[in-house]
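We call the chains A, B, C, D, E, F, G and H, going by the order they appear; numbering starts again at 1 in every chain.
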Amino acid sequence: MSSNHIINTIFGEFQKNLDQEQEIREVIRNICKDVDQISRETTTVLQVIHHDETAIPAACLKARELFEKANVGYNKLKEVVPSGDYYKYQDHWRYMTQRYCYLISLTIWLEKGLLATHETVAAILGISAEEQKEGFHLDIEEYLVGLLHLCTELARLAVNSVTHGDYNKPQQISKFVMELNAGFRLLNLKNDHLRKRFDALKYDVKKIEEVVYDLSIRGLLPKTENA
Amino acid sequence: VAKETATSLPEDSPVLQMFKIAAHKLNDRQDRHERLVKLSRDVTIESKRIIFLLHSAITKTSAEKSIHEAKERLQKLIQGPLKGIGLELENSPAHLHSRAVTPGFQEFIEARMFCSFMENKLLITWPEVQKELEYKEEDRTVITMVPQLDYMLGLADLTGELMRKAINSISSGDSEECFDSCQAVRDLYTGYLGIFGTGKELARKLSTTRNNVFKVESAVYALRVRGGEAPPTLLLAAKPDWERNDHSDDEGFF
Amino acid sequence: MSSNHIINTIFGEFQKNLDQEQEIREVIRNICKDVDQISRETTTVLQVIHHDETAIPAACLKARELFEKANVGYNKLKEVVPSGDYYKYQDHWRYMTQRYCYLISLTIWLEKGLLATHETVAAILGISAEEQKEGFHLDIEEYLVGLLHLCTELARLAVNSVTHGDYNKPQQISKFVMELNAGFRLLNLKNDHLRKRFDALKYDVKKIEEVVYDLSIRGLLPKTENA
Amino acid sequence: MSSNHIINTIFGEFQKNLDQEQEIREVIRNICKDVDQISRETTTVLQVIHHDETAIPAACLKARELFEKANVGYNKLKEVVPSGDYYKYQDHWRYMTQRYCYLISLTIWLEKGLLATHETVAAILGISAEEQKEGFHLDIEEYLVGLLHLCTELARLAVNSVTHGDYNKPQQISKFVMELNAGFRLLNLKNDHLRKRFDALKYDVKKIEEVVYDLSIRGLLPKTENA
Amino acid sequence: VAKETATSLPEDSPVLQMFKIAAHKLNDRQDRHERLVKLSRDVTIESKRIIFLLHSAITKTSAEKSIHEAKERLQKLIQGPLKGIGLELENSPAHLHSRAVTPGFQEFIEARMFCSFMENKLLITWPEVQKELEYKEEDRTVITMVPQLDYMLGLADLTGELMRKAINSISSGDSEECFDSCQAVRDLYTGYLGIFGTGKELARKLSTTRNNVFKVESAVYALRVRGGEAPPTLLLAAKPDWERNDHSDDEGFF
Amino acid sequence: MSSNHIINTIFGEFQKNLDQEQEIREVIRNICKDVDQISRETTTVLQVIHHDETAIPAACLKARELFEKANVGYNKLKEVVPSGDYYKYQDHWRYMTQRYCYLISLTIWLEKGLLATHETVAAILGISAEEQKEGFHLDIEEYLVGLLHLCTELARLAVNSVTHGDYNKPQQISKFVMELNAGFRLLNLKNDHLRKRFDALKYDVKKIEEVVYDLSIRGLLPKTENA
Amino acid sequence: MSSNHIINTIFGEFQKNLDQEQEIREVIRNICKDVDQISRETTTVLQVIHHDETAIPAACLKARELFEKANVGYNKLKEVVPSGDYYKYQDHWRYMTQRYCYLISLTIWLEKGLLATHETVAAILGISAEEQKEGFHLDIEEYLVGLLHLCTELARLAVNSVTHGDYNKPQQISKFVMELNAGFRLLNLKNDHLRKRFDALKYDVKKIEEVVYDLSIRGLLPKTENA
Amino acid sequence: MSSNHIINTIFGEFQKNLDQEQEIREVIRNICKDVDQISRETTTVLQVIHHDETAIPAACLKARELFEKANVGYNKLKEVVPSGDYYKYQDHWRYMTQRYCYLISLTIWLEKGLLATHETVAAILGISAEEQKEGFHLDIEEYLVGLLHLCTELARLAVNSVTHGDYNKPQQISKFVMELNAGFRLLNLKNDHLRKRFDALKYDVKKIEEVVYDLSIRGLLPKTENA
């Protein structure tokens, strides 16, 4: 029957599409699994900063090596994801990418005390920082969520560095996080997840301020401070 | 029509026979499940009490005493309800009833590990726990299988108890113990951070573990920042009595 | 301060992105509001098929006119949505598009008793049927969900046409829906919503079979049937 | 430190086991995908019973062939699933197995008008019918769910066979389903899926009774009945 | 400082003494609660099984048999775990443990009422149930107090069983029973509609009850609309055998 | 101290406000409790329509009496609620008012087969139908929710009246509900609760159509129908 | 019909009991409102201990007067709550009673430096300390929660008394709270409110120890200490 | 049909209401968006108090300018919101208004060390402080929530001013917050959000007391103190 034939064509066609999409998802999933595993390894490697200051440079080096592996993974992703379908598959790499933004910005802060820019982070991952130019890019929202993770980790580091007798770091952290805080305050956020994450930033700020206070009142702050 | 079919249905038709067997099997499962739930609740309650007992000690000697008592009570659990679970599951698939027994297993692991850590600062591995749950019977060996996931979930809960212990030990003036517990919590947290491919349950516990790390690190920080006011040596001199006490006490344990 | 400057740049940039996206969403929302209103009007127009068979041709004509208006709206959408961002904003028009697929395929079935193909529906809305060619397209999933809505509506029509003494339609509907059902059965569905919607198809099938049964046991089925 | 070493061992072991489990799951998923596809094909093959009585024997033959393919698949599963872990991975094949129980019992009923026993179904799939501590088997709950699917399908068949002029089948179905209904009432069910499914059985029974009643008041019931 | 305080703490200080008593009281409560949870689970499971038993009968005679068995098993519940609950709560405040026992009570009420309805189409009131749970001991009377709310919650669940029974009785050709059950469900629904000032639990059950009404009314409708095709008298004549059967069967019950 | 004095004044003032509001709420709660109880009594009284058609007129009379009592209650509310604070306290009477809209429109339908207008319902309750004129009014949303309740109850009545041998009512109900359905379709609803409630209307419509179908195919529909 | 009659009885009885219960709740609520207000007044009266040591005796006297008023209120409660229903209505006075346990034990500690026993607190409130099957009493859990509140307040007092130059109190508090801490550790707590509250005790203990340590390293501790 | 006509009137009327309400909401949303943005800017401006004491006067001046802009916005709101509908649309400006209450009271405290009264805050925003007089007003609850925000910010300021060597402010803050705390204690709060927010005040109080304690034990408190 003709009608039956039409139906078979339609559904056959659709099954083909479906299969293709499944295949792409499978490939994406596999790449992401590997890249995600690398991110976890990096997380573990960088945990050392909380109990052994001397191990920081080595940890940064190791992290850099792992970022290069991740870069390879992101390049694979870039090839696999059809241009125009970035947002279709975004959920596969969203959390992982946030984690990389956090890890890279943490590493760069540990190395140089500076903020890793959006472009820098994107470059380390080997992807574009601009949304419009190529399909696959580093979404600025993931980058910002990563920075908020960074602040939380630095608040923890401020506490632990005092425990290990390093009275310099808290002030350095304080200055850095205050600047980030001021930056975030300028934003008129609508986005649910980012806004919620930002609302938690005030707890990190408070924590850091209290650490600096504790040092200050005990005269443990290094001289350069302009009190 | 139905009426007729119904009335004419022979009591011993093969179909009804088959369903009677099925009914029997399903009832067996339910009954077993119920017995396991009860055993698991017993394990949970007693494990919680053992943990409280381990926290209750304030002095070193009372700690020694409570560890001793805890070990005895753990043994009673192992020989009692935990063995009961093993016997119930001897001929039945364990995973079929995993939901019934998992709360008990997790809490037992928490208690068992906490006791071990209190005794000698060491954790014990899954195979070691597993070995403690082997029972030699006359003709055979019965094993109570604790799934590794339950072990890991119980271990995650342990970070909460270690955190409590750390903060409590500050106020009892035992700073070394505090640092040890802190580091153990940190190491466990790092361990969980590195794990991937786990289910939701463990992911949920990770955030509790993270909070425990924050709490214990803040406590250690407070301990240090007070000590930081005077040079460490001076500090030691300032409170020599109980610092010395500490060391002599500790020797009994290390 | 240089560091402060970097931060201002980053956040200023981000605010600009944020604003642009908000603007686009606002425009999309407004277009969709109008197009959605048209779909609601069409739905009302086509409700007449359940009470008055003679009014069907006029209703189809009216529906066709409304589809042309919708076509204009979809063209606006096509212009507004940046190529590559189809999936980013998809949620704005997803349900509306499913409704149009249902309305168009219903109209065509009423007119000719045939299945409207994916391409036909897309053409009526003035958009591409292929995902890859242009950014904005008629996603095949929405099309299939629309067909499932169609089956539900036809099951209702089978019931109501008997009430109004039309004993032909149920059989015609039965044949058509059975073929669609067979088509759907070929699919290896993963998709959550579509799968769930498909699982409900069996209730429509059952209803239609029962209507045919009721006619059959009373000897009310037209002669040609019987195979 | 020894404590740290133990912790490393614990997590290393756990990750190793997790990886193994993931691998097993992957293999299971792949096998199940194929076997599930066969079940879907069988479902389609057996759909013919609702339109064309004469095609039933051929459909049964075809179904039998497909069951043999499924048997091969289940044998693979049996090999892959570690002894004692049946219920750990059960979710992968649960629905599929229920569908096979339904398909096999339907085929056997069509062939001989008899109930396929738990053992028979298990034998056709090439697995044990006994729940054991270790090993792959046909769980009795899946078997029972399959029988409930069968009843639903037979209720539909009762309706459609009347439409096609077969006034024998409804009574045969009625007797068969009544006996199953009596059987199910002997079970003590928990508040689970099986219980919910069973709760719907009464509507199938009711529907079948209505069909038989419709035939009876029109004197369309074959003579042999009525004792 | 803490250390000293800790070490100097006499084991028998009045404060510690007080806490030991408190610990004892709290443990007693917990233990009792635990025993009650177990008893309640026993009641729940057996009640559910009794309900299934009452549904299992297809013929009138088998119904008679299963009602008889159900009554015996209800008695065993009353003399067993339900009495156990009463004894546990003899000297303790009942409401303190209400969360432990409410599932068992509700399910028991459901089973007890369903059995009564099957037997003679009548429900029994709360005081009547309460009277069945009085136990004469040598020296005293023990009462298992079922809160009225639990009774009402169990009664709401009963509408589900009555609905099932109604639809099942259609397919076994017993239309009168179907109408009776339908009207009982309707009357109960009307009753719940009129009640105000209840808690959330009952409000939640109301929507289930509403669904049960819809289901049972649809079933009765289907029964009628089929019967409506031919005049009722004609209909009766068309299936005289089992309509007559019905009546003779029924006589045993009314 | 002056500062302390200011604080005492501020908080004293606030406590006064707080107390006043609490008092008003208490009064409102007490009135609503009584009026709500009357609504429940009316609900119970009107339940009789599902099993005894002859009792309908008496039930309507009784309902009318109860509405007069409710009218007294609403007048008390009107006096108590400060003009301008309608929306502040609305939650106290929202559900109750919806129930009255349903009960009154049901009563009027039973009496005359007509739709009770917004003004009629408001008049029976003794309150204004217009939002702007006076503070206390019958919000049109509550009125519409009440109508949706009415449709659900009428669907149930269609079923039960057939059970009791009344084959007229279903058609009368069908016409009435179809008109309401068409009305609702014109609305561009945003409101969450109302929209959700409206989405459920289609189940009532389907139920009623199936009842009419069942009557129609068995030739039980009264003659006047224009099939 | 008899069945209907029974149902009417059941619901009538239930409504009657519900009404009675509502009435009792209303009475309880009113009593509790007054007694709660007294507890709030007492809290304010005792706040002075944080700013002005010399005012403590007067504050204790005032508190004692207020406890006598509370005693009258508790006697009313005792009369109103039906015997055996203590735990049914417990939520009405639970938090209030915990606050009284805290206030009374604080007053007694301020007066004599001693722990108020369960019996003493109960006696001051004029109720029994024994949990009985019947009757109004002071539940041991509320008493224990009250003691935990006390510890928190004493930790705050330790801080503030140093600010006001009283270097004696912290040590006195330290000894007292340490003993309570040791006591609490003997309890097996469930995962309830008491447990959560107890979990916070360790922070109070830590704070007190820090204050005592601050005094000790500055040689500000009174001599008698240190043995 | 007449009945149909009634229905069209009812629903047409309702659609008109619906549209009007949507329009008002749209206007309110747009005004609030702008006013909210100003509040965010003010927050950023006032952040400087935590790092640089000398910049405070300039920040207050800037804040005053921004309040004037906000005043314009609130005047627009006042015009747009129909009298009597304050509580209907309240959710649109609730959080924003709380933030203004906080910002204004902070500014005034920084300027003069005094508490901004309800009237003062309302006057700065250009709205009435009384609920009954005009429709649009400054709800006292928002004002109080704003004061609680103020206390939290002052607790943070106490910490940071010590870090910057200002040992005066903590005591000044302490006195101010203690007075507010005493004021809040007088209230018999029922309101959920306010009560919860008030319960958190004790943490701010504790923090401030600990800062004063830290200064006191180190002899850093200015002389005049000591009572």
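Observations
We take it that contacts are C-beta pairs under 8 Å (C-beta built on N, C-alpha and C of every residue); 3 or more make two chains touch, one makes a residue touch a chain.
Listed by chain with UniProt protein names: A, C, D, F, G, H = Translin.
Model, not experiment: these values are computed from the prediction.
With steps allowed only between chains in touch, the distance from chain B over to chain H comes to 2.
Mean C-alpha positions place chain B and chain D at a centre distance of 40 Å.
Centroids of chain A and chain E (each the mean of its C-alpha atoms) stand 56 Å apart. Computed centre separation for the pair chain F/chain G is 47 angstrom, with centres defined by C-alpha atoms. Chain C and chain D have CA centres that are 34 Å apart.
The set of chain D residues that touch two or more partner chains comprises 178, 182, 186-190, 205, 209, 213-214, 216, 226.
Each of the following residues of chain E touches two or more other chains: 1-2, 4, 6, 9, 30, 58, 171, 173, 183, 194-196, 229. Pairs of chains that satisfy the touch definition comprise A-B, A-C, A-H, B-D, B-E, B-G, C-D, C-F, D-E, E-F, E-G, F-H, G-H. The residues of chain B lying in touch with chain G in their complex are 48-49, 52, 55-58, 164, 167-168, 170-171, 173, 219, 222, 226, 229-230, 235, 238-239. Residues 37, 40, 43-44, 47, 50-52, 156, 159-160, 162-165, 211, 214-215, 218, 220 of chain G touch chain H in their complex.
Residues 3-4, 6-8, 10-15, 17-19, 22, 82-88, 90, 114-115, 117-118, 131-132, 135, 140, 144, 176, 179-180, 182-184, 186-191 of chain A are the ones touching chain C in the complex.
Residues of chain E touching chain F in their complex: 183, 186, 189-190, 193-196, 213-214, 217-218, 220-221, 224-225, 228-229.
Within the complex formed with chain E, the chain B residues making contact are 1-4, 6-7, 9, 30, 34, 37-38, 41, 45, 58-59, 171-174, 242, 245-246.
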